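Dropping the structure in here first, questions after.
For reference, chains read A, B, C and D in written order, and residue numbers begin at 1 within each chain.
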């Protein structure tokens, strides 16, 4: 069988581990074609030479060894019409947009199996997307560093701005785990005065305060006002895209292995036009 | 309320985070007494001064800031008879032995709430014990390093010996996540010749081989023979007790927060003589 | 001998390791008094209970277990006049300001030995200040993550904003190590159009670009213009104060040990009113 | 110019970073040929396709992306006689053996520039070899973990066995940095009874003891006796080859950049038949 593999949209930690596991389980009996830089490379038939050695060295590295890209859906719709697939199956690693828009489109031309990979954890019908736990681990480390310096040199507010686009799943998850009293997400309205009050109280009780804020909230515009209200210095920490390229965590390595096993089963049972899902820790698939 | 807190048995990553969360949630309305070095300190009424600053600096550090110990059950039974508890509740962080033997004993004298904390993940009636995911993350990193050097300088077998005492849960979990063909645990018999054959085949296919072996298997005694059989150099990597002191992972931080919330609920509802459990990701409690 | 120990100014990784080494080498034959939260605590005679166990758990953690603070020099001058020192020697861990202003002041009242500790590496007469290498290691990791995601999803500029206040040593050191074509520091003027040209060329050649920018440059004010000029998306990554609380590197652990040895020698030879220096990798001391 | 690049002997962290820097600085004006798996691949004219993307993803990963090997000097002498070099220069990354035996041999047939890369730091005429600081950082982390668990659960001796072959540089460097009272190397005789006495005293004073032992000492054979003598449990931690594949530290990244700059200068000045050296932090070269 000729199997094309493509990573699409933002890269997510664990993508390389999933490529590693797929390579191990599929390369003996199939011809694997790795498209370069997502659907851009697919349309141009640009492929990437990848082998077991390279995948091993980058096993739990963030990023995608074969490259990824964001493409315009209209451009893609147009290109795909005249594109001639030379594979029997396309394996698509990507986030919600890639799976549901590009994946659905492409599945009209070739059998497709998608795997939800995004640090945002915002793909419908699955409770988990590859990369989420890794980035949570990255943020935990940053909070850990904040705690140390916060307690050493008192009377400061630290705000950690997380990624997540216009979703707040990352900020919510990270903030709850450390029991932060301030978690600001695009999904929920907040009142700047109440936020300031809570931060002030935190500083009074513990000597410092930590809040977790989703990038979707654009807190930067309100920092000056907030600083005035809470009467203490605010340090906004925006690691930004650094978070995205972090190492894959154990959980993401484990789930990448389980996802690759399930994907092999889908191939064996001719289950195509789907993407894999995790619900109650059980793997299944959903129509794309 | 006067609440005594004790860590018992082997230390586990996440213990300090749990102490941090308990401190935050209980210290305002209760008097907290941290016993030093486990039940040894309790019997001697030795306590440890701990405060929020110290807990913050060590938030996700392995170990136990208040110290722990292993005690002889008969010695303990004898001592406890004449010991006079000066707390209204004892919170006990420890593994299976500490919870079920010492915890049961002590619960005849004072209300007790236990929290399963052990890297071995071998406490009955709970699917998870605090520390397990952290140590899996530690081992993942070691395997990652093995992969890099294994692929660089070929024709070697790497065996990672994990902790776990006479249980194989750690080795099993770590080995499966990387889809290792060789996972040796005390629970399952193995044939040295078959092991050698698989390792040889691995080397032939990929240039090197990685196996995961529980310490309970005492592979060291068979290394020479195994090396002869598989006709390649074997490198046994035994990080040993280094693994135990590693950083707490995000999952362990998150679960430590949830466990502390649930423990507060148990106090509020006078649920004593229990230890907390995690089943299907839902927290509950079990009679000690 | 009664020896007071105080950390002053911004905390730096390696401070806890230095406290650990000093504790080991001095606590047997001297009485150690750890002042809490820098000179604020000293003036108020607030001390912190610290012992070997706590220092061991936080050995290479960032922050300062005993707390630090920034104080106003005029306030301090006033307070110190009526303050009565109850120690025979004050060991002062801090940056340039703490050593030269506060240290000089205090040395008129009590024997002082200072140790340069700051991530900024900007103390006169010494080539190295404790904490610098640790933070460089932290930034290396962030660049590493940028490289992975930069190469995966092309056509973006990543700018890493480092700490350093109004000095550019950190940005310069980190930028040179990765051979970055764009290193912006407060010490050197730059032309936004030239910067944009270089970034554009980088993207053309490698698919992405990485620049290192000191916080003293306040690049944020120019991002919009720079983005327009270089015709590619710019991702500004500002880990901010996260960097400060990072783990101590091996070099900082090693130098903290050597500094503690040299400090003991200074005590033995009654060399006071000095701070320790590192020149050509040789330790010495300089009048405060 | 056609430049061949080969990594030989044991892999060392920083090799990939050096390849990255060489690629960046040489690939525009030269043809680079990466030989696969060291001199074995060279003799067989097997090359490895490497590009900037792959090097970026593995920038500070341990291992060698192009593979390395250990070869028999007699076999090599024989093969090289009839081998026809198709490059104008061979860049050789390796340890003492590779540089001085294989490098000297090969330099009779083709211009050679060597770069000392080994975690053992045992190459003559240079104070530093690429990879040494990285592995020291790795061991620091393991000691850090030991400290936490050592102080939590008392009365144990932890011995860290380092790599280093029959040299003790690694053990010596790591042991001194933490001021360990027990550092055992192949270069110095030791008396088991004295070792036991020091460990016992350490446990008495601090509750536990940490020693650093080079693998060249083969301590395993004496553990039983040592345990008896020091009357406490000894935990031998042998991370073994895990250490070799660790991440490159900032220092190794920085020095890899400086080494690549110096190597370019050597090419420009036709300085061949040499290997690069670091003395007093100044780069130079030495006849191979």
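The rule is simple: contacts are C-beta pairs under 8 Å (C-beta built on N, C-alpha and C of every residue); 3 or more make two chains touch, one makes a residue touch a chain.
This structure is a prediction, so every number in the text was calculated from the model and none was measured.
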The pair out of A-C and A-D sharing more C-beta contacts is A-C
Here the gap between chain A and chain D, centre to centre from mean Cα coordinates and rounded to Å, is 35
Separation of the C-alpha centres, chain A versus chain C, in whole Å, is 33
Touching at least 2 other chains, the residues of chain A are 53, 57, 61, 63, 65, 67, 144, 147-148, 150-152
Contact graph of the chains (line, ring, star, complete, other): complete
Chain D contacts chain C in the complex at 21, 24-25, 52-53, 56-57, 59-60, 133, 136-137, 139-141, 144, 147-148, 150-152, 173-174, 176-179, 206-207, 249-251, 253-254, 257, 280-281
Within their complex, chain B touches chain C through residues 16, 49, 53-54, 57-58, 61, 63, 65, 67
Counting only contacts in the complex, chain D reaches chain B at residues 7, 10-11, 37, 61-65, 67-70, 142, 144-154, 156, 158, 160, 235-246
